[in-house]
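See structure below.
Read from first to last, the chains carry the letters A, B, C, D, E and F; within each, the first residue is number 1.
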């Protein structure tokens, strides 16, 4: 049993990692394509049909590029930075329930690597650690743009983590559990949290944008001011790690948003479908990925719509708008829960 | 199966605590001193958690939360002070701060 | 009740002169206040009755301390001495122009209040409080109007005496804790304490140090000559005339009744120290050129004798000590007053610079002579009575010590008479054109003193009788 | 397995703690301390105090150490790595720390801690049991710590305000 | 200046800017954001402007100013007489030339007695303004709708006569640049350069 | 408990006033609010209630100490109102932090659980760290703030380690539980308990500044703004002492043989060292800092006498000490307003033109020395009595010698002011200020004459 269990978990982990990486790869393509479409262009379409092999080409290009390291950089930290970022980005996927369980030979296999009962906090912890990669990388580059980018990243992520946490707490208050699986299961049918927590959802979405350093909060890497921000000095696959990590983060955020607010792998009228459990699970997984794709699209859509914030505006928004709003949301939620019980 | 005894934790935490104390005494950089203090607090946290688990009493872990709360507040204030000092002296070397002598 | 009124009058007078802001008014306020106090104290001496003197009210909360005052014979004598001398001291300052006179007179009256308080306290804590309270005005008097190097000297004086009295505080607290619960500081309760020999010795030592510094007895005397010399004359008078007596009073009031066994065991040391002080101070006094300093050392010698008499623990000694306290107070105040008069006129107090005053000012020379003879203990003066009784007491205790102590008379005679001769007789060294003999005010100051010198010298029983019952009570 | 993990974490934590003390550059100090924090987080997991572990990571690694790192970067303290106390003071400080350690370890090693029961089975580290204690018995300190936070906030504003 | 008239736009497209306080709803920025999002979203489905270059090429204007050509006359003689006016007119100083006298027997090669032995245009400097064409009195240099080819080396962008001069097999049509109006304009005696 | 709520509300109201920019209202509001809080506090007299699962206890000990705390804070706020009267920039946050700090102090007097002790200490300290550095243009203030902060956090570490060990051995954070554990296992207490006790003690005396953990005090006192120094010297110290006494009274009472010697040595060392060092101080503020350390030593003496109802003595002593130190600092503040320096030389000849100031300073100095009939004497007397009653004669003798030494430096400013010739500075005082100074002197006198007002409380 133990052996089987480990094998199953390992398979699942590897599958999820692979999927994450794949999705991240194709997110880059999607990003470029969408950017092009929003700008009435076509985007990359040379590599493969509709440019589908473009990510591969990009990857190969990054691999083949020169490994450059500034002479005054701290070697170890310089390498540690992108690795950490990548690692942390991949870690989060462990607690996301990708689907309901599969029943094979009477054994039940959950499609979640680890159903720890404090899943949300785990996500939160990992996200809060995420900033290290950027900071270390930016610092180790020994470049003022990189350093500025790193500092911006740190303060931005710390600031928005608060509002994010507060908005999650409202969800947790409603559902009474910290386990993502349970939160998802509570939203079966069309009972999505977003109906109860619209404000929380908006705050979470904004914070997720900020946490993933996506536009309009992409100040850490903002090209017009900081050249490339924390990854100014990076090239080759180390840069690739940073870029990849951003897309993985985006993917995971989309997944978390789907799970927390949009019912995860649940979809309306699922109980009416006359199909077996396993099929239903697979449909659920697809539905989840549909939702993730949608939010990925929303992320890109926002990126190519809104202009970048100024730094003080960013801080003001975080501290003076979002946190009070999140607290307000929390208090209201508390009141309503109190009234209903 | 469980061969880790409470004493192991006790000794480990004590050693960690002492390293923190030594750090406070050795360092000249205020920031490093502060970090050594954090190390001390962490060893205490672990000790409390271990006690709590081995005694099957959640109070110890609850205390750890309070320590964390306070540590967070302290860090905020401490770093603000540090930055304030740095702005004037351009150093966080506590030996530069020896004007307050008789 | 009247005793309380006396205290309050002194306090009120002090406050009034503080507030008067103006020298003339202040000195008359102080003077009339002190006269009033004197009259009242004479009144209660004559109509000695508990109803007039005793006042008792719990004050210091749960410490068992009371604001308790009362008067037995010993207290009575010393209160009389205080109230008698204070108007004279104030009078002696009348035509001196001190800066901020209102403060000066206010401090003197405060001092009087504290001193009366010390002598009339019937409660250990009250005693201590008044004892320390007396320190503050004299400290400011010496510090504000003192002469050369006043800051260092007064500082030394203050620290010294404070340290001593803190030891007394420890002893008092120990006694207090030894009283049955609820603990009490009243003298009766303290007297009733049965101490272990060990504790008794410690208590004795603590009290001894405290009083020895105040008196001062030989190794603890170093603050005294400097302080006397640097203090303004009124300060010296207060110090030598009255404050010293606090120490002796403390010996009589505490050491003798409280630790007779320790005194029997260690008394020889105390006596020895006192006697050493006599010889030591006398020898130094001979070498002095400064009149004030000479009187200061003479004072050490004399109070040494008094202390020795008090420590020998017999009736004669104590009686002698009592009467000699009064006498010494009168004499030393007289001497200081006269030295001030000399200094006011000649602007110097160096023996070597003075001479031949008798020719110019016969009245002054006469008064001076009387004072000196009283100090030297000529029969029929007050000094004789006291010293005789003291020597008698010491002789009973340890004959050879009495022999040594007797030397004091010889020494005193030597340096005082020699001084008298150099200052009053011989060729005038300083001839002042507008030199005056004593003014009426000065005679007014000196004549009560002379009257007292003679009264005590001729009929000491008046005063001994006042104190007698109290003294007998102390010994037993 | 668990024991090996425990010793591994212990050694790693001690190593990084030691490096915190002896490393000269502030940035290294920060990073080693962060490593030590992660080791301690591992310890919490070993103790089955999951909630604590996560909160530990969030608060210490995620907030406090980031702030430290942030300060190091903001003040650009890299160049300040050189100054150190005189060697004698360092040795003395080390000795003081060492003596403290030896004394404490010596004393504490002897104590037999009376323990409730098999700790591996305890469920007290779970959120619900902690919450019951925190919001029931420790409600007052919980509320009061909000005062503490408020004061820290006001204080931070006071310090950060421009004059 | 009391008779200052309110500014009226000539094009009719400008707006008068006012700094009135924005309302609370506007301060939320949410409507504006949503508006922006719909705008981008609408672009998602719009016709794409991209032209897939090698496959489909963009239609050029007939007088597009591309790579130069040094024309020959109908007999195949080079028209250029190396007068240097084009080089003078060139604002980017991209044109250099070396003149040579026509040797006897070379009349079938060069139309005038003097010809350009070397004629080079640095295509990296050239801004394709067409002034050289305008300056040329001999109708020798023209810009064509051809695109200058890309290359990996900078020195290969200095085009010499081997590239510039048209071959008689493949003549470049410049008739659109020699309309009667253009010719008349060039004939005008009193025109100044850069008018 | 109602006190705590009232003060928290007061803090928030003050924040509101600050937010509405009505800065003129702050001090009056605070004064009224604190009086209300004080009234609420006293209203709980003799109730002896435990709150929230024995987290807090409101017994007479706590109420008495709280009253002192609130009143001293009130005095500090009043004088702060004067001190900052000409400051243009809003100072609401300073006042708010003072109130928060006071809340911490109140937690420290009335904790019944070590959690509350810890949170109380930190609430108090964190506000103080900031306040010490609130004079931002002054480098000394910043340095003071940093030193205070580092030392305070270091001390917290020790305190917490001690608490952890106490918890580990007794299984509870509750004072009563720990106390009864210590009593019931007094024969076979785990060594851990002793170590925990010792470390807790070390952590706490760090906060109240006893030798050998006193070195930060002079720097911090000197660097901080004088108002804050006054707060530190009074409220913070009172709260710290109250915490130590409550802890020892409830937890370690039965183990006196174990800790008595330690406390005795620390107390003696504190008294001697602080008094001797104070002799060499040239600035008045440092002098007061060392005086504060020395007084900690005297107060620790009373810890030895903890089983003989020494609380009244401690209360009296603290009141006297706080009043006198406060008065001295007020004078320092007034003088510093004119001279911008607190070197002792500047006090020369001050008495001539400024009798109110000089007399106030003299009275407070003499009170600090312990000269009757001032309050300080009664405090010392009470402490000595309690200590002697427990049989520590040697310690009392050391204390007496210390007192005599202390006279030497307490007299320094007095001598400077009264006996030395010096500048002709006239420090303008408003009539209210004069009355205030007179009241301060009178308060010291009355306390000295009628100490029962306070000692009989407990």
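By our rule, contacts are C-beta pairs under 8 Å (C-beta built on N, C-alpha and C of every residue); 3 or more make two chains touch, one makes a residue touch a chain.
Treat the numbers as computed from the prediction; the structure is a model and nothing was measured.
The chains in contact with chain A as well as with chain D do not exist; no chain meets both.
Note on connectivity: the fewest steps through touching chains from chain E to chain F is 3. If chain A is ignored, touching splits the remaining chains into B, C, D, F | E.
By number of C-beta pairs in contact, chains B-D lead all other pairings.
Distance from chain C peaks, on a Cα-centroid basis, for E.
A simple rule picks the central chain: find each chain's mean C-alpha point, then take the one closest to the mean of all protein C-alpha atoms, which gives F.
Chain B and chain D, compared by their mean Cα positions, are separated by 6 Å. Centre to centre, using the average C-alpha position, chain C and chain D are separated by 70 Å. Spacing of chain A relative to chain E, judged by their CA centroids, is 49 angstrom. Each chain gets a centre from the mean of its Cα atoms; for chain C and chain E, those two points are 123 Å apart. Shared interface positions of chain F, i.e. residues touching 2 or more other chains, are given as 115, 119, 122, 126, 129-130, 133, 136, 165, 168, 192.
Contact of a single residue of chain E with at least two other chains is seen at no position. Listed for chain D are residues 51, 55, 63, 67, 74, 104, 108, 111, 113, 137-138, 141, 145, 148, 151-152, 155-156, 159, each touching two or more other chains.
Contact between chains, as defined at the top, is found for A-D, A-E, B-D, B-F, C-F, D-F.
Touching chain B in their complex are the following residues of chain D: 2-3, 6, 10, 13-14, 17-18, 20-22, 26, 29-30, 33, 36-37, 40, 43-44, 46-49, 51-52, 55-56, 59-60, 63-64, 67-68, 71-72, 74-75, 77, 80, 83-85, 89-90, 92-94, 96-98, 100-101, 104-105, 108-109, 111, 113, 115-120, 122, 124-125, 129-130, 132-134, 137-138, 141, 145, 148-149, 151-152, 155-156, 159-160.
Residues of chain E touching chain A in their complex: 33, 36-37, 39-41, 43-44, 46-50, 52. Taken together, the chain D residues at the contact with chain A in this complex read 27, 31, 34, 50-51, 54-55, 57-58, 61-63, 66-67, 69-70, 73-74, 76, 126-127.
The touching residues of chain A, counted against chain E in their complex, run 34, 36-42, 45, 301-302, 304-306. In the complex of the two chains, the chain C residues touching chain F come out as 58-63, 125, 128-130, 132-133, 135-136, 140, 143-144, 150-151, 154-155, 158-159, 162-163, 166-167, 169-170, 173-174, 176-177, 202.
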